[in-house]
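Inspection log for the structure reproduced underneath, given as structure tokens.
Order of writing sets the chain letters: A, B, C and D. Residues in each chain are counted from 1.
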Amino acid sequence: MLRPKTAPMGWNSWDCYGAAVTEKEVRQNADFMAKYLKRYGWEYIVVDIQWYEPGAVSHEYRPFADLEMDEYGRLLPAPNRFPSAAGQKGFTELAAYVHSLGLKFGIHIMRGIPRQAVHRNCPVLGTGKTARDAARFNSICMWNPDMYGVKDNEAGRAYYKSILELYASWGVDFIKCDDICRELPHEEAELRMLADAVENCGRGIILSLSPGPALLEKAELYKETANMWRITDDFWDEWPLLYAMFERAEKWSIHAGAGHFPDADMLPIGPIRQDYDKNTRTKFTENEQLTMMSLWSIMRSPLMIGGEMTGFDDFTMGLLTNEDILKLHRNSRSARQILRRTVAGNEWIVWSAASSEGGSYVAVFNAGEADGEFSFLLSELEIEAESVRGTELWSGEPVEFTGSVTACVPSHGAKVYFLP
Amino acid sequence: MLRPKTAPMGWNSWDCYGAAVTEKEVRQNADFMAKYLKRYGWEYIVVDIQWYEPGAVSHEYRPFADLEMDEYGRLLPAPNRFPSAAGQKGFTELAAYVHSLGLKFGIHIMRGIPRQAVHRNCPVLGTGKTARDAARFNSICMWNPDMYGVKDNEAGRAYYKSILELYASWGVDFIKCDDICRELPHEEAELRMLADAVENCGRGIILSLSPGPALLEKAELYKETANMWRITDDFWDEWPLLYAMFERAEKWSIHAGAGHFPDADMLPIGPIRQDYDKNTRTKFTENEQLTMMSLWSIMRSPLMIGGEMTGFDDFTMGLLTNEDILKLHRNSRSARQILRRTVAGNEWIVWSAASSEGGSYVAVFNAGEADGEFSFLLSELEIEAESVRGTELWSGEPVEFTGSVTACVPSHGAKVYFLP
Amino acid sequence: MLRPKTAPMGWNSWDCYGAAVTEKEVRQNADFMAKYLKRYGWEYIVVDIQWYEPGAVSHEYRPFADLEMDEYGRLLPAPNRFPSAAGQKGFTELAAYVHSLGLKFGIHIMRGIPRQAVHRNCPVLGTGKTARDAARFNSICMWNPDMYGVKDNEAGRAYYKSILELYASWGVDFIKCDDICRELPHEEAELRMLADAVENCGRGIILSLSPGPALLEKAELYKETANMWRITDDFWDEWPLLYAMFERAEKWSIHAGAGHFPDADMLPIGPIRQDYDKNTRTKFTENEQLTMMSLWSIMRSPLMIGGEMTGFDDFTMGLLTNEDILKLHRNSRSARQILRRTVAGNEWIVWSAASSEGGSYVAVFNAGEADGEFSFLLSELEIEAESVRGTELWSGEPVEFTGSVTACVPSHGAKVYFLP
Amino acid sequence: MLRPKTAPMGWNSWDCYGAAVTEKEVRQNADFMAKYLKRYGWEYIVVDIQWYEPGAVSHEYRPFADLEMDEYGRLLPAPNRFPSAAGQKGFTELAAYVHSLGLKFGIHIMRGIPRQAVHRNCPVLGTGKTARDAARFNSICMWNPDMYGVKDNEAGRAYYKSILELYASWGVDFIKCDDICRELPHEEAELRMLADAVENCGRGIILSLSPGPALLEKAELYKETANMWRITDDFWDEWPLLYAMFERAEKWSIHAGAGHFPDADMLPIGPIRQDYDKNTRTKFTENEQLTMMSLWSIMRSPLMIGGEMTGFDDFTMGLLTNEDILKLHRNSRSARQILRRTVAGNEWIVWSAASSEGGSYVAVFNAGEADGEFSFLLSELEIEAESVRGTELWSGEPVEFTGSVTACVPSHGAKVYFLP
């Protein structure tokens, strides 16, 4: 499998467009990324769920909708939404366009084979078997109506092989597979079939698993089969969800590295949920966005932008283009929560990490409801020096700590230090 | 709803023929019952699951098989197995034949609407709605591939109305609905829709729910909607399953009566599992069969014969035609387990019941592995007399108990006393 | 063991006096019962917990208080509270007084041996063993500080024998043992030791187990060893507790009879909790008290009065002296909940029972918040007559039901019918 | 609190002598350590449980035994076992002797106050309160009979203060408190009282908590209050217990450092369980001992020798005196499990850590039943070099890995590499 040294960075259509994104919207975000963000390391453009559903108009799914599909039961982009896909060309042209910008192209798939293919009994490409041979009649997703799970048999393996070869032929660089990492063990065999098909499709493809929460006791399985996996259910712009991520991050951070990265989900920033209301912006405060970006970076989560990028303001752009923070995201090693302590009613969380280039990172989060100042001993970081100098990365200001670290942090905010 | 005073008695095709019974086999069993058993109160002839599956050959289901169905998504008997159903006549002729014998006719249905109807998007009779409007995409049976659950909406109600009207038009007297009483609450609304459709179909139809184990805390729901409901998963000819029934019976017996009867499942006696091997006979010993028939009768479970009746031997016929035991089944009231006690390593279970015609019944079961004799005080039955006389019902022998009841019972066997 | 035909009826000091009752209070209640209630069947006078604690002043326990005890580690009544116990006479004189009134005398004990006896290492009477040999160091009651559990060994058995012989010598007729039926199995051996000691102490003594909730799966154990056992934690004068009793009663009612009775706990009526405030009266409304007395009676729970009887008003006396209700309590057989149904937002519960003298009892409870009228078919009671006549027992008024039973019942109230 | 930079190393009497160790045995082990092990960093001599029980002869406890205690309810060493303690001198002389050897002295205590002190109602030093005021009557240890838990009140705090001041006056350097970290939260308040007493006793004392398994969700509490805490129930010389430690170590390793160390328990090596049989030696194979020492070291567990040191053979001495391994134990930072993989039926586990002096450690464990060779990519360690050179620490042999690490490891054995 591919072993990217750093966690993937990109854009995903879900937070903003749900199941209804169009080619035009994808292209405009690709253009934006190429122009403004590529230089900072952002590179993936991912089309999320139901690009094969002609009637999708929001984050909701229409049960039993007729899906765009080829004769072998392989889903195709709906041409009414993706005009370049007309004539069963799939995402070939869109991928080529994204590549032409110097970016990479990804798609979402659901675990399994379309129910529609099964009830029509489509042949599975390259075998004498049919979709009915491949499908498990009682393996379904509880929240999406499209698929049946696939059996670990000749027909099932051939089906996964057939779709991966198709996607590779389109030029897909990244696959986010859904309904595959929350409710193990029943999908374990299916995950291994999928991973084998990715491995052998003839193109290097990043594999991302969803939805979470993934199962901690299956960490080694995820590491063997995938590049990233969701450690949380869908993450949205609400403080309780961000707060809860600290605990998940603490448990999962030891599994980040060497091509596999626990995934804290997309960054719901800027204009989101545009299918419901064009005026919707993230409900996260600026401090909360700093906290999110700091935590995701130090824990080496993939960074997938969720908002419509053409509508980003200066703050949001600053969030995504802070070179020191992005360097932390690249170079963080052995990140861990050092302490979590409630002082005078305010909860403080401290993470530290080594830098692969030397020196240490320390992030201080104020998870409480009041602005405040928090101190802890340098020895709690196992730093033996009496005094250290460094920089706060969001502000760029120099700092010096003697004996202890003291940080003034607003409620729900974060400070991130690099101590060379 | 119908309120039969006594628990239904009849024959069901499952134990012997699985999903594959044919019209010929149904008719021969109806003939047998009419000739030999009707006079004892046996009356229902029930065709169990998948009479609409042309290719069924055993107890197994073929996922995604093409089912016989009318234009409104209503399943029809497969004419290759039920020749009289040709020309979409359904079970009209078979029901008429059963009625001509003085018996009643029943069928099995699965909760829901055929997936095949949904993916073909059949219209629902008498509405502008379609099967897709009625179906719940994520409500499926875990062990049978045929159906989707039905939503509690106009389309769903109309669908249940449409099938009940069809079955009533065929002359169906008894419906066993499957996949509807084990995993509440999610089917609760669907159960109420079904019960309403039964109530309003214009024909008196007994409603039986399956599979178990039903949920004890939902007893009042079952009593309000159905005439019988399974208190156990599929029951087969194995002592551990029979042994386990005592505990289920103890918990459920207070809910028997007034038209509603906890159902301990079919009686796997005589030739069974004929789809696998024509030589298969029940593995229950004669004592175990006496125990089963005694427990089912005193607790007022429905009595549904599971074996091929034309192959019954004298013992089996004796089991089903003991007039005193069948009277117990009709007249038992307020049955309960009186005691369960291990003495010298042998476990003894005693049940008692009042008779609706006066007097008491007492059943003594030896659940241990050794033949033995068990005594308990008359006062434990709240009988205040010094001495009582009565009859042992299986043997017909007179008994007299002074101070205490003493019963010699072989291992896994039973004695049943009537004390006037 | 004793097998009383009817569930015990009496008075217990706990609800009114907690751990602090005095001889004077016991005598005045005995006098009252003898004069006003004995003729209706009330007969037990029971001194509840900590009669051996000189400093008890309320329902609270004082940890590590010095207890009155003899040289063999057997607790004795505190003479400052029970003057007739002076000179280590125990309850001999008080029991004799109660007997002289034609009543019976009971006491409460805790499971186990006093910690005080163990740490002083008292000898166990009639053995070469000591309290330390008998005690289990890690078996304690979580809510009372006095005792250690007792091992199933020679010392343990001798200790239980020694206390039962002492209590029998005092003339005790009834023992309520606490901390012995909620957390089985760890006390199962101890319960059997206690029951053996009761059986062999040379005096007929009723054995009552506390606290609840008892474990339904241990019903046979309780039936073998005890005459009554608590099916609930402490019951007090609050509607939610009374409401919750219906479900407990439904599950336990099949175990009533033949000398063993599931116990719904004391009746908190009239003046209660006098240790806290002399003006405290039960918070139950009159309708709730009728509901309680009706349910306890039809299910054959023991009836133990909890209030200070000398302060009873006419309503309370009427509650305890309704001869028809007390006859129901004596004669009820095979009681069960027939239905529980919510109609128009009001919840209705119907129980029925046979009478040992012929005829049926039906109780209709309105568990809802609104007064109302409820109807159900006679056939739901398995009564086949078109029409029945009878009497409502609380009012004494004649009733006639044709086709169905219709009852007007106020919120939280009850109607009880006898249908001959 | 003290923040030792490295996890404590020493000897504890439990594995070898249970509750029955004597002063002579302690002194001989102190002598041995001073002579042969001190130079390698071993320094603590810890007397484990029940030094106050004159009659202790094995690992078993005698319930309700009379304990050596002062007038304030503070336990004292039993002079028949610790002659230097005669005259209520406590461990003063023994501690002084240990100090004279250049070592440190530790003792075991149980959470709480002696039951004996409570039932005798001893005064608590320096207050008007008594032991009964301090004790919680229903807080006991399930496996040891000696104590009651202590309330968080004036008496309770004073009691802990009084014992810590006594122990400090004796010269105690290390306290292992038992019955305090498995069943939180009920001991949380007691743990904080204890930690406060340690903090304020005027002497620097290491605080160790037992038994395990500690609760992962309480990690921050342990880190705030203690220097080490047991992550496992008692660890003994059995492979399944050693195997299970890998999972515990994986979860707990992020909490090691800065003065607080998850504790994998004593090392049961050499002669152990001498109270039962003088010929008993550890059942661990040499490979298993290497595995244990490697895992404990890389995860920075405290290292407490459990065997009688005077009976150690060369292998055991080699295990404890490998300077490279002990340097790993001192310098390991950010240790984590990198992968756990089953290949051809053999299970392999790889850990890595940074060294505080630069370079990396990698440990390869063969948890399978067959000797074998295991390879994994250097990139899985996030090492980007094509090729690395280093040393295997147990053998001292140089190694060179190109592209991947390949290790030959016997069943249950380990290889540990330092890669500068």
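Note that contacts are C-beta pairs under 8 Å (C-beta built on N, C-alpha and C of every residue); 3 or more make two chains touch, one makes a residue touch a chain.
The structure displayed is predicted, hence computed values, not measured ones.
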item: Separation of subunit C from subunit A in steps, with touching chains one step apart; value: 2
item: Where subunit C and subunit D overlap in contact partners, by chain label; value: none
item: Angle of the C-alpha superposing rotation, subunit A to subunit D, to the nearest 5 degrees; value: 180
item: Inter-chain centre distance, subunit B versus subunit C - centres from mean C-alpha coordinates, in Å; value: 42
item: Chain centre separation (subunit A, subunit B; CA means) in Å; value: 52
item: Between subunit D and subunit B, distance of the C-alpha-averaged centres to the nearest whole Å; value: 63
item: Contacts with two or more other chains, residues of subunit B listed in rising order; value: none
item: For the subunit B and subunit C complex, residues of the former touching the latter; value: 3, 5, 220, 223-224, 250, 253-254, 257-259, 333-334, 336-341, 354, 356, 377, 379-382, 384
item: Touch list for subunit B against partner subunit A, complex; value: 63-64, 115-116, 118-121, 132, 135-138, 140-143, 145
